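Read through the structures below before going on.
Next, two complexes with chain A in common: one pairs it with chain B, the other with chain C.
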Partner chain A sequence: MSGGVQGLGRLGIMASWLKPRPGSEGHRRRRGSLVAWVILIAGVVYFLVPLVATFQFSLRPTPTTLAYTNVLNDPKFSGSLLYSFTVAIITIFASLAIIVPTAFWVRLKVPHLRTAVEFVTLMPFIIPAVILVFGVIRVYSAKPFVFTRTEFGSDALLVATYVVLSFPYMYRAVDTGLAAIDVRSLTEAAQSLGAGWPRIIVRVILPNLRTALLSGAFLTFAIVLGEYTIASFLARNDQFGVYLSLLGQNKAFEPAAVSLISFGLTWLAMIVIALIGRGSRVTVVGAR
Partner chain B sequence: MRVRRRPTFAWVGVVPFFLFAIAALGLPVGFLVIGSFQNADGDLTLQNFADLSTGTIPRAFLNSIEISLVTAVGGGFFGFLLAWAVIMGGLPSWIRSAVMTFSGVASNFAGVPLALAFVFTLGNLGLVTKFLFDTFGLSLRQDLGFTLYSKTGIEIVYFYFQFPLMVLIIAPALDGLRREWREASENLGASAFQYWRHVALPILTPSILGTMILLFGNSFGAQATAFQLTGGTIEIATIAIGRQIRGDVLHNPGLGYAMAMGMVVVMSVVITAYTWLQRRSERWLRS
Partner chain C sequence: MSFLELTGIQKHFGPVVAVEDFNLAAERGEFVSFLGPSGCGKTTTLRMIAGFEIPTAGTIRLDGGDITNRPPNRRNVGMVFQSYALFPNMNVADNVGFGLKVRKRPSDQIKKRVGELLELVHLGKMGPRYPYQLSGGQQQRVALARALAFEPEVLLLDEPLSALDAKIRVSLRQEIRAIQRQLGITTVYVTHDQEEALSLSDRIVVMSEGRIEQIGTPFDVYNFPTTGFVASFVGTLNVLPAAVVESGSGRLSVGGQEFRISRPVEARAGETISLALRPEMVTLGTGPEGSNVLRGTVADVSFLGSIVRMRIRIVDGVVVTLDVFNEPTLVLPQLQESITISFPAEGPLVLESVPVPVADVLALEA
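Now for the complex of A and B:
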């Protein structure tokens, strides 16, 4: 486990646990294989049956592809995907814009504020989404800050709340990335060549953090895409999760098709993270 | 000679972060905290917390706690078994990679699509429901008294993200068990059972407990899955709070805020306990 994220909780695990460490138990044992197979098969059955059922359900109408063609021809489907992609991308960039300079500055100049910053970034673990949105709606629907009356205001609240949800993963990813490079030397080298702070962050630090940033970004993407609770209370009916929920109430087979597509998109995000080969895939906030 | 330290303004660099945190996190949570100590006239009171024991609120919290406990212990137990099977069970190593990657996906596959997937599986027209009825003439609802739209149903669905989370978090701990420890105990004549009973499990206990506590919190704060599944007919804390957001169904805003605080208190206890146990387990697992 590289780099120290000290302080409150290690909720994500950065270890590259895909490969067994040499010398660990995984290399040795060959006994107990049968029991292991039974457990594995039981697990596979539990995890695959709902997916198979959903797939089978989506093929029930005649012709078999009807649910899929209906969904693909539904402008609300593409609209909701586009909306959620846009929200996810804005969330990722907003989160990066806040977290990268902060994590960099904490490491370089104000290490004594580390605990405080870390504590704030971990708040989404303590404040469930439904409670966060409760507070957000009560504060920003009354004077002096009326945001919920306008579409744009509600969208802004949605993004701001998602940025908070992304904090634990973003901060951890960025901080681990920073731990792996020599921030101080890089900064001093850049300074001696005449670079200012914005230039240092954009041209020197960011390129060195590429993999860390990507894993944080795709994790955020996965969380935002399926999120339902916050979006539904903010009446963001275009959000993918809310669209799927409404579809589930009104249609029989189309929701199965869209659920599978949603699962596929989550797969995609996780495979990208696995390919990048770094970062945590453990999430405990978001679309529960 | 006195050296005067230059006043530093380095802290200015983190001001944007804290400003955003105050706006998006501090104010909303602060509003709930203050509101929970106010009555309808805005006077300071503790009555809201006393009123948490009235109406359906205790049932909502108890249901939430029961569901979280069952899925945390059950998910933790089976998740541990699965992690053990793929890491130490002598299975081909590609299975380990596949299970780990899949766990990453499954632990993120929650909310609306997950609830729907189980409706298609165990709902009234679900694949398994139909299969059991067509093949064995067994009706889940009539013969077994089972319905997906119940507490048991919610638990079955929650397992889908609880299991994989356990697998992901406990895997590094299992990896941390050194070969030397087993060799040492074997050289001293210990059986496999004795090794697990006296060496491996005591080392793993803080990790296992800590992860189960995390699973508890994971399920305690969940709203979307249960809401999509039951439409709010099962009274759990997050759904009760959701109703309060839509409209003041308790006819007392302060009571709603007190409920929210109740959840935050439970979550704080969960996270504190998890952090403490995680620190303990790291002592052994640091390589």
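Now for the complex of A and C:
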């Protein structure tokens, strides 16, 4: 009996050893971990509650899927989605065509200009979209550059403005990708092996930037899909953001359904990027 | 006319002079090393041969043709980088075959050549692997195979072993030399490691502050340095301030102890000159008849494995370092013990200029 009491006493001492003392390293770590969990849960709630509420709201009509069937049967939905997809793809390629050689050249030949170029690409963050579009309309609706009088001209202006909007995201993504590889050595190695600039960019640099390019492309895609101000002022009513806004003015439940569908598409795109990125065999090696 | 000629090469980066008045003529199949401390211009010179930098002045000729302004992809010069610079998106075989694909060689020819090169660098079965699946030494072998695959006229190596550990460095440098001899390719090798340069090269170009200090065989550079910088940078060296007693007969003195060197000196009696004396030229004891003898006290004894390094103070401020081969019967002297050292009259070299103040630094280690 006494032995059992002694044993329990020992266990009690052990338990007090296991329990972190206030102010100890273990105690601080546990408290830090608790704070992290609280922040994580708050973030998840903040993020999920509006989604759940929107989803619940979209199911209110009878039958519950009515809002979704209405949206999916609406030719304007697929039309606007197709239009925005097309604009997004053209924007992505145009943006890549400008940003990749620029970022590559800056890293390789004029690294001292990197801060200046980075600042220029940040301009869309500084200039509000409404100012930007007014400037575009003012310049390109008068001679000698009359773009706004034709559908094609307005579409071209929309893409051009979106390309500018994509700069901060695309430049950062590409520049980060370039920072992860030894651009100078890879370029010089390819040059010493006889390769010219087109081959260096296509065969050596671009394949090693795959994940970075996909990230930039995805961000651009998301911006184009949800953009409203510029499309609205350029009267591009087929743009998905404008369609969503117009739908919200006339219908109650359908905008909620469209929002969730576009959200799903965005997540799908992210998953695709994650999968493609995971398949990438590019791993930076070598001595630095 | 030599195979690779650099004549009057200069390179300025704004106000900074990176390379000045660089002249070199390398023969076909020769292994030349550029040796010097960081910032001496050796890599800049190599990059000018590769075409990554254009000289501010001077000409570079390869096999008689002027390549000074030719772009790097049209020079037919292979290069191995310190950082390996393997293409991460390509496997080993594709990396090695890249230069051949650029030259539009038939695929069966590329496959055969890649196989030969991988065998040459002892990586025969590594073709399908990616660079990240290889060790540092293996990656550098792939880089070497890639640089050789398209049969360049010149092979350039920019500190290719400096990122590897000591054992691999030694084995790989022997392989590089063996391959270079086998292929007979003209090679320019940049290093700051004197042991690497001495063991690999047919000739060494010792550089300092953008200028050539000395060009010579490893034997000449080590044994007959022409400047104080070369003497101090290549190998371990004692620099002794010696007073001239009689210039014609080469009689000198250190701390009042007289000795003789085999050559007359140009300085007049009473003046002080700087002498370079390798540790291996100095022995404990009085030495054979006719040797110079100095007496001093033991200042330090360091056990370095195969050798024991001792520092003998001749007078205050004058210390001579000497090496003794380690053997089990060796009796090490005690600190502060009075001791005699000797060296032959042919041992010391009179230095033209000394890059360090001789009064306070007397034993330099490169």
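Here is the rule we go by: the second predicted complex is superposed on the first by the 217 of 288 C-alpha atoms of A that agree within 3 Å, B and C clash if a C-alpha of one lies under 4 Å from a C-alpha of the other, contacts with A are read in each partner's own complex, and residues count from 1 in each chain.
Here, contacts are C-beta pairs under 8 Å (C-beta built on N, C-alpha and C of every residue); 3 or more make two chains touch, one makes a residue touch a chain.
Everything numeric here is computed off the predicted structure, so don't read it as measured data.
Look at A:Ile181: by the touch rule set out above, it reaches chain C but stays clear of chain B. Contact with chain B, but none with chain C, is seen for A:Ala222 once the two complexes are overlaid on the shared chain. By the document's definition of touching, neither partner reaches A:Val146: not chain B, not chain C.
When the shared chain is aligned, chain C comes close enough to touch A:Pro207, but chain B does not.
Once the two complexes are laid over each other on the shared chain, residue contacts for A:Ala129 go to chain B alone; chain C is not touched. Contact comparison for chain A: of chain B and chain C, B touches the greater number of residues. When the shared chain is aligned, no partner comes close enough to touch A:Leu82: not chain B, not chain C. Looking at the shared chain after the overlay, A:Leu244 reaches chain B, while chain C stays out of its contact range.
In the superposition on chain A, the residues of chain A contacted by chain B and by chain C overlap at 281-288. Touching chain C in their complex are the following residues of chain A: 181-182, 185-186, 188-196, 199, 204, 207-208, 281-288.
By the touch rule above, chain A contacts chain B in their complex via residues 1, 8-11, 13, 15, 17-18, 20-21, 23-33, 35-37, 39-40, 43, 46-47, 49-54, 56-57, 98-99, 101-102, 105-106, 109-110, 113, 117, 120, 122-123, 125-140, 160-161, 163-164, 222-223, 226-229, 232-233, 241, 244-245, 248, 255-256, 258-259, 262-263, 266-267, 269-271, 273-274, 281-288. For chain B in complex with chain A, the touching residues are 10-11, 13-14, 16-18, 20-21, 23-25, 27-32, 35, 78, 81-82, 84-91, 93, 95-97, 99-113, 115-121, 126-128, 159-161, 163-165, 168-169, 171-172, 174-179, 182, 192, 214, 217-225, 227-228, 238, 241-242, 244-246, 256, 260, 263-264, 267-268, 271, 274-275, 278, 282, 286-287. Chain C makes touch with chain A in their complex at residues 50-52, 71-79, 81-89, 98-99, 102-103, 130-132, 134, 136, 139, 143, 146-147, 150, 156, 162-164.
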